[in-house]
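Residue numbering begins at 1 within each chain, and the chains themselves are lettered A, B, C and D in the order written.
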Amino acid sequence: MLDKIGIAKRIAKEVKDGMYINLGIGIPTLVANYIPAHIQVVLQSENGLLGIGPFPKENEVDPDLINAGKQTITMMPGSALFSSAESFAMIRGGHVDLTILGAMEVSETGDIANWKVPGKMVKGMGGAMDLVASAKHIIVAMQHCSKDGASKLLKKCTLPITGIKCVKRIVSDLAVLDILPTGGFKLLERAPGISVEQIKNATEGRLVIEGNIPEMQL
Amino acid sequence: MISKVVAGPSEALHDLFDNATVMLGGFGLCGIPENCIAAILKKGTKGLTCISNNAGVDDFGIGLLLKTRQVKKMISSYVGENAEFERQLLSGELEVELIPQGTLAERVRAGGAGIPAFFTPAGVGTEVAAGKEVREFDGKQYLLESWLRADFAIIKAWKGDTAGNLVYKGTARNFNPMMATAGTVTVAEVEELVPLGTLDPNQIHTPGIYVQRIFQGKNYEKRIEQRTVSK
Amino acid sequence: MLDKIGIAKRIAKEVKDGMYINLGIGIPTLVANYIPAHIQVVLQSENGLLGIGPFPKENEVDPDLINAGKQTITMMPGSALFSSAESFAMIRGGHVDLTILGAMEVSETGDIANWKVPGKMVKGMGGAMDLVASAKHIIVAMQHCSKDGASKLLKKCTLPITGIKCVKRIVSDLAVLDILPTGGFKLLERAPGISVEQIKNATEGRLVIEGNIPEMQL
Amino acid sequence: MISKVVAGPSEALHDLFDNATVMLGGFGLCGIPENCIAAILKKGTKGLTCISNNAGVDDFGIGLLLKTRQVKKMISSYVGENAEFERQLLSGELEVELIPQGTLAERVRAGGAGIPAFFTPAGVGTEVAAGKEVREFDGKQYLLESWLRADFAIIKAWKGDTAGNLVYKGTARNFNPMMATAGTVTVAEVEELVPLGTLDPNQIHTPGIYVQRIFQGKNYEKRIEQRTVSK
């Protein structure tokens, strides 16, 4: 079973040279740490920056330079700043190559729920609905099951959804799976030490297993 | 060009009225109009509908106006950092309308650009789509969203000249440029007010035509929500 | 009867301190020459400039700085440059205070025709349709009659129209007239030496004459 | 950041194909991609649909491509300075679609911004409204207009870096920034190609994300249509 860093490492392998990428808060943010040095990507911050650099040194902290998680950041050579309208024009227009974000539930048709839990304080969707409705390619980083063992890969989402038919790939603590265009989770890889049987038991939605399922390489 | 300079936030907001709709620039606490928020607090204007991406924190930004119950309604995309906000929301004292961030940005831009409605894919199939027209273009579904405008747009820029031309800095730009275009009265507070002709015309982010009043702000605190540093 | 300069001079009196103004090609462009020195206005060029300055000296000519009529221009202190989308956002959003443009015909309900003559080469509407559909206040500079004496202030436009119910005021070679909200040309001023009778004869649309009509002061 | 630099216009347009839809930046002859137009002329690509505010003059700009009959259709707001254009139009050799300038600019922006349609007041009650949905908002009528996108967007900037970030100069900006966002492939020619990190991130007009290929242009003629000087 992968920990958060394991999930981030596996997702980092999906990243290709030259990509423009939007990373959600949480595990997705960690992905940046595991992109190989020879792969050059540009990270987008939806509050108005292309080219997020490392966190600043103490003496470089600039309150006018934060990421979408409100953390202080730096820029890269070649960075560009812009307004929120331009930022989402970029996202909505399909110019961002890859969006990586977390999810509470994903359905077998690619619906995603990650913004609201009934009964809990609603904080808002932020940019998540725009991102999932517009991204060319979406990879979801998530736990396969809740703490009490209930599957989060479902026939149909039970939580209020963020977007429909948008998720393309899932990297969970147990497996890598693709959403099939016709519906269903196609199992691609197992986490180290995890059996196909364990993944079957943890997946409520339709799981498609074809041939031998390899263990992921991290 | 005529000067739009006023002495300070009190003069800039002298005609702000109860129950006004007010846009406030900023993302989190970055690029918020600190001086104007303080002036609204002092003035005690009530019943405000605030359009702002976030709602500040308990003791800073719009959070200050929530504490004094000056805000009737928040229109935002994310309001997660504020305990007083949560309390008022749960008790029904505060109305909240949540809008996807890109839709919020584009609705404000549309307000300034004279576009009453446009189609966007954000929110299709979700509760955001309730009551909205859905239409398909090129095999994909979109929602019809309408413009947003305000009685006052209150924004913060880095530099500004006497004609109201503005330049922002870093990610403090965020919602400020669109909001500047969508207020019946747009008030800009700037860190540095410069003489006409000082700003390069090629590098102005907000042309002065959108700004009715401008003043030199003071004592910027620029509070940081998540100070994150590397070794 | 006013010549072109007379029309421009009369329109210049409509200009108020602090206005943002878009001037069309032809007579409207001349208006800028007759705005009193104590009145400060900002001229918009719809190809992306606020703050048109005088024409350049020979050694200042910059091919990257032209107005909507493709003439070389200069900028003023406080000028701002922007894209065509931003320029028309400004126009469409009602931020320009006054638009002054020419017309081939105006109807008594404020429709304007100024872009196309059937049988002649169609050059295009340029920004005219956007300007007339969006401007808060439109003043038209025009000849009251065609060369063969036919009125151009009509019940209904005969030429393809540029916009409906948009013209607020007309300054012609014979008169100043307002379009009434309920329809009709309300006569406000006579050109020097022109009688009310002459204006009546030259106006095909409904002409509203109330009280004594003063001669314009230039 | 990866470099998007190519050697020149031939390489930048190597895969331009017959019957492609091509956006070309510029207003009149100001800010037009001179090097790319020359390359298309040399390449001889036929049947092009050109989206450009104007159509050049007889012997410069898009006028050059009209002369060689490489253009099947022009989508423009104003095409008045070109005798060859007029001849082809009257003889039926050339199709022309005329669009109000602000609508053209906004349709291109919408194409880049993923907005398939929006409402605008321009053209209501005119022949431009034929076949279009009309809807009233706040007592005023508006037309529904759709986005415009292109196989290639060919633009001209003043400075650009290797990642494709662009800065324009003067009124040569015009349609270039929107068109940059609306091409499947966007090619930028620049007067000055600068190293990564040279441009101030705060002053970039077109972020590099929109640009697929960039090259250092040569021998800019920058012809002036109406040289007008004061004494």
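Simple rule for what comes next: a residue touches a chain if its C-beta (ideal position, glycine included) is under 8 Å from a C-beta of that chain, and two chains touch if they have at least 3 such contacts.
Predicted model only: the values in this text are computed from it and were never measured.
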**Study point:** Chain pair, A-B or B-C, that carries the greater number of C-beta contacts
**Key:** A-B
Practice item. Give the label of the chain whose average Cα location is farthest from that of chain C. Key: A
Practice item. Could you grab the centroid distance between chain C and chain D? Build each centroid from C-alpha atoms only and quote it in angstrom. Key: 29
Point to revise | Cα-centroid distance, chain A relative to chain D, in whole angstrom | key: 36
Practice item. Provide the list of chain B residues touching at least two other chains, using ranges where the numbers run on. Key: 106, 109, 113-115, 120-121, 169-170, 202
Practice item. Provide the list of chain C residues touching at least two other chains, using ranges where the numbers run on. Key: 49, 81-82, 88-89, 91-92, 134
Review point. Which bits of chain A are touching chain D when the two form their complex?
Key: 17-18, 20, 40, 42, 44, 49-51, 75-82, 86, 88-96, 134
Revision key, fill the gap. Given the complex, residues on chain A that touch chain B span 45-49, 54-58, 61-67, 69-73, 81-85, 87-89, 91-92, 111, 121-130, 133-134, 160-165
**Study point:** chain A contact footprint on chain D (complex, rising order)
**Key:** 1-2, 109, 111-115, 161-163, 165, 181, 196-197, 201-202, 204, 207-210
**Study point:** chain D residues touching chain C - in the complex, by the definition given at the top
**Key:** 27-31, 53, 76-81, 86, 89-90, 96, 98, 100-106, 108-109, 120-128, 158, 169-178, 205, 222-231
Review point. Which residues of chain D touch chain B in the complex?
Key: 106, 110, 113-121, 135, 137-138, 140, 142, 146, 167-170, 202-203
